[in-house]
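Note that the chains are named A, B, C and D in the order they appear, and that numbering of residues resets to 1 at the start of each chain.
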Amino acid sequence: MNKYRKIQEEAYAANMRLPELNLVIFTFGNVSVADRDLGVFAIKPSGVDYTKLQVEQMVIVDFDGNTVAGDLRPSSDTKTHAVLYKHWDNINSVVHTHSTYATAWAQSQRDIPIYGTTHADYTTCDIPCAPPMSDEMIKGNYEYETGFQIINCLKERGLSNSDVEMILVGNHAPFTWGKTADKAVHNSAVLEEIARMAYLTEQINPQVPKLKDALINKHYDRKHGEGSYYGQ
Amino acid sequence: MNKYRKIQEEAYAANMRLPELNLVIFTFGNVSVADRDLGVFAIKPSGVDYTKLQVEQMVIVDFDGNTVAGDLRPSSDTKTHAVLYKHWDNINSVVHTHSTYATAWAQSQRDIPIYGTTHADYTTCDIPCAPPMSDEMIKGNYEYETGFQIINCLKERGLSNSDVEMILVGNHAPFTWGKTADKAVHNSAVLEEIARMAYLTEQINPQVPKLKDALINKHYDRKHGEGSYYGQ
Amino acid sequence: MNKYRKIQEEAYAANMRLPELNLVIFTFGNVSVADRDLGVFAIKPSGVDYTKLQVEQMVIVDFDGNTVAGDLRPSSDTKTHAVLYKHWDNINSVVHTHSTYATAWAQSQRDIPIYGTTHADYTTCDIPCAPPMSDEMIKGNYEYETGFQIINCLKERGLSNSDVEMILVGNHAPFTWGKTADKAVHNSAVLEEIARMAYLTEQINPQVPKLKDALINKHYDRKHGEGSYYGQ
Amino acid sequence: MNKYRKIQEEAYAANMRLPELNLVIFTFGNVSVADRDLGVFAIKPSGVDYTKLQVEQMVIVDFDGNTVAGDLRPSSDTKTHAVLYKHWDNINSVVHTHSTYATAWAQSQRDIPIYGTTHADYTTCDIPCAPPMSDEMIKGNYEYETGFQIINCLKERGLSNSDVEMILVGNHAPFTWGKTADKAVHNSAVLEEIARMAYLTEQINPQVPKLKDALINKHYDRKHGEGSYYGQ
């Protein structure tokens, strides 16, 4: 049997979750799943409609962005995924969508401020919006540089990729990641909901203050801290 | 037969209504149902996805928040439910969601003003938004204090829990209750719709006045007053 | 066979369209259908959930609001329907909903300005918002007076009930009507869409002018004028 | 076999996609598909509900707007389609909808500014909003003039119909086109999403700048340029 079959199946299932969760229309998104032992990841082929997608079409790519197996061309965002896997060895899945509210924040070039406990259940900071890239980076190896734009944005803010598993790329759209494909897709859906709630919050109260530290820390810690008591 | 089976079944069915009514994504909510004779309530286990939830997983907890029966850990919000049952002996079900519009109002730290008869059909007052708790309460027994924050907010405003069966906890999200699980879940869906309409009303007319007393009283009384003539 | 069966069936089918078209949640709406020969109309019983509604439950009421046949209490809005049938002999169906965007405009106490051809396909005027009633009318025969509030609002503006088949009752919600149940329900769905588009239009361009007369008349006439060429 | 059957089937299928993609309610839209060899196009009959539409009801019309075959009256917008086919020989399908967000922009009489890469994946310019027509044009051959309004709007801006395959007609609604019915319908759904995102973007950041040239060109070129690498 094809040694890539497991990550192809996982990547296929995760990609199919995107339209189910109303995070994409047509081909506006892609999920990849990595196999760290084999040093490769499986990713959606470029421009293939979700209704016609098949497991064996998932393209196998190494962490430098070279196609290793597969008949189709991988997603045009493949190099961004590759850079993240290469530089962050603790993640096994990356998701990119153009989900409506998260993309609107990205287009607005604003971080999503932390306004409530729904947000604090996932991270203690604002959701970062990486600035648009320089013209040189854009004209150069664009998708490859997009990966570095994400990595550098976290670095400059002193955040690790486990402090925050989601980011907006300015003028573009969101990326999320996680230890599993399930978690990375979950993060994309949660980001969309946080983005929608933050938009509504500012409409309802333009002078709204951010969430205070005690609540941020409480909600994050009860889910992720040492004495966490959320879940089983 | 398990003497808790009845409330487990009711709690299970009520929890499953939340995703059906688009009030939760993933595990963002929980319903409990009390048995006053047994002095316990059944509540959703923590962090279990609605798609995998089973009747027998409903955890049985007493009104001090101690688990009485069940293999799983109860919802992280369990103590809030317990406090409400202990102090309000006229309610038999509590619902907590992070429904989008109600949560946006909670994050905005504003009461939902009474703007129309849809709202007045349920209560004659603005939907209260309890202020965020003090840092001491948050760092202490947080979920337990959340229950008191709700109880005290109504008390300070001179409201009983039957005057208004819904509240926003500032920066967090809504809680609703009722004499039955059906009514408590109904209240959560109605709150979400009232929250959405109030948001749109202010967008359409930022200087909109509140509903006048004659209309408030008429609509509330025709549904809840002595000479009520709504329903069968 | 029950001589009311035909209008009961039509009223039942029309009521069931409301949740299908996302115009109501729970019991937030009602449709009636008149039989002019018999001098009665069939209307939804009060407070009965759409999921449990049955044809034979439709209550038969005369144009003075007296129940003529049926075991259940009719909709609490029955007298409003009765007044409209009694004073407007050219309509055979009335619909009341609390659909989200139309209700938000009603709560805002503003007419819906005519901003586009979608609106002009239905009427040449702004959708009227009848002012909230006087306290005396509210405390008196409220639902009966609501009917007169609607009739008088059109009268004061020099409009007939065929010039505009939809209205907002200030602080309350929309009513629509038509020659058939199909048309009256259609009008409720169209009103909701016009309300949503007008809200968005003002958000996108707060200084937006209204549609100019030439376009208003063209679109209305091609659908309703003497030389109309829309439809079959 | 009917020589028009192929375009009738394509037009039928494309029309049925509109309600599936939530781009129309009731009869608020129409798609046509041209056969360049036969010099005709198939278009939806006027005012027929999508739930009752049948393949053989598609009306066959020539590029001057004369009905060539079919028992029903063609869409009231038929002449607009005819003008576009006659003057633009590189398109084979035209779509007209009243989709909510795109129509709100049209009613606002504003171009949709280019704010992100989702937009740049389709065109490098703002989505044009053709100004409302002069009163003479409206009172004259209205639908015919609508076609010229579209053609002239692009001409005045120095755009070809392949530079941008979508337009708003001021105060009215959107039109899109393409080499195939699939592409023209796809463009209508994308336009609606771009319109929604641009609306949200301005709400979130009223001072938002437009997308910069380097990003516009990069995203457009990777999908449409000489060295394009999107899709298979």
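The working rule: a residue touches a chain if its C-beta (ideal position, glycine included) is under 8 Å from a C-beta of that chain, and two chains touch if they have at least 3 such contacts.
Treat the numbers as computed from the prediction; the structure is a model and nothing was measured.
Visitor: Indicate the lowest number of steps between chain B and chain D, counting one step per move to a touching chain.
Guide: Tracing touching chains, the least step count from chain B to chain D comes to 2.
Visitor: What are the chains that chain A and chain C both touch?
Guide: A chain counts here if it touches both chain A and chain C, which gives B, D.
Visitor: Work out the mean Cα position per chain and let me know which chain is farthest from chain B.
Guide: D
Visitor: For copies chain A and chain D, work out whether under half or over half of the interface numbers are shared, and give different or same accordingly.
Guide: Counting shared over all numbers used gives less than one half: different.
Visitor: For the sequence-identical pair chain A and chain B, determine the rotation angle of the Cα superposition and round it to the nearest 5 degrees.
Guide: 90
Visitor: Determine the centre-to-centre distance between chain C and chain D, using the mean Cα coordinates as centres, and give it in whole Å.
Guide: 33
Visitor: List, in ascending order, every residue of chain D touching at least 2 other chains.
Guide: In chain D, residues 203 touch at least two other chains, as defined above.
Visitor: With touch defined as at the top, which chains are paired up in contact here?
Guide: Touching chain pairs, listed by label, are A-B, A-D, B-C, C-D.
Visitor: Which part of chain A faces chain B closely enough to touch in the complex?
Guide: Within the complex, chain A touches chain B at residues 115-118, 186, 189-190, 193, 196-198, 200-201, 203-205, 208-209, 211-212, 214-215, 218, 222-223, 229-232.
Visitor: Going by the contact rule set out above, which residues of chain A touch chain D in the complex?
Guide: Residues 25-26, 28, 45-48, 72-73, 76, 98, 100-101, 103-110, 132-133, 135, 138-139, 142, 171-173, 199, 202-203 of chain A touch chain D in their complex.
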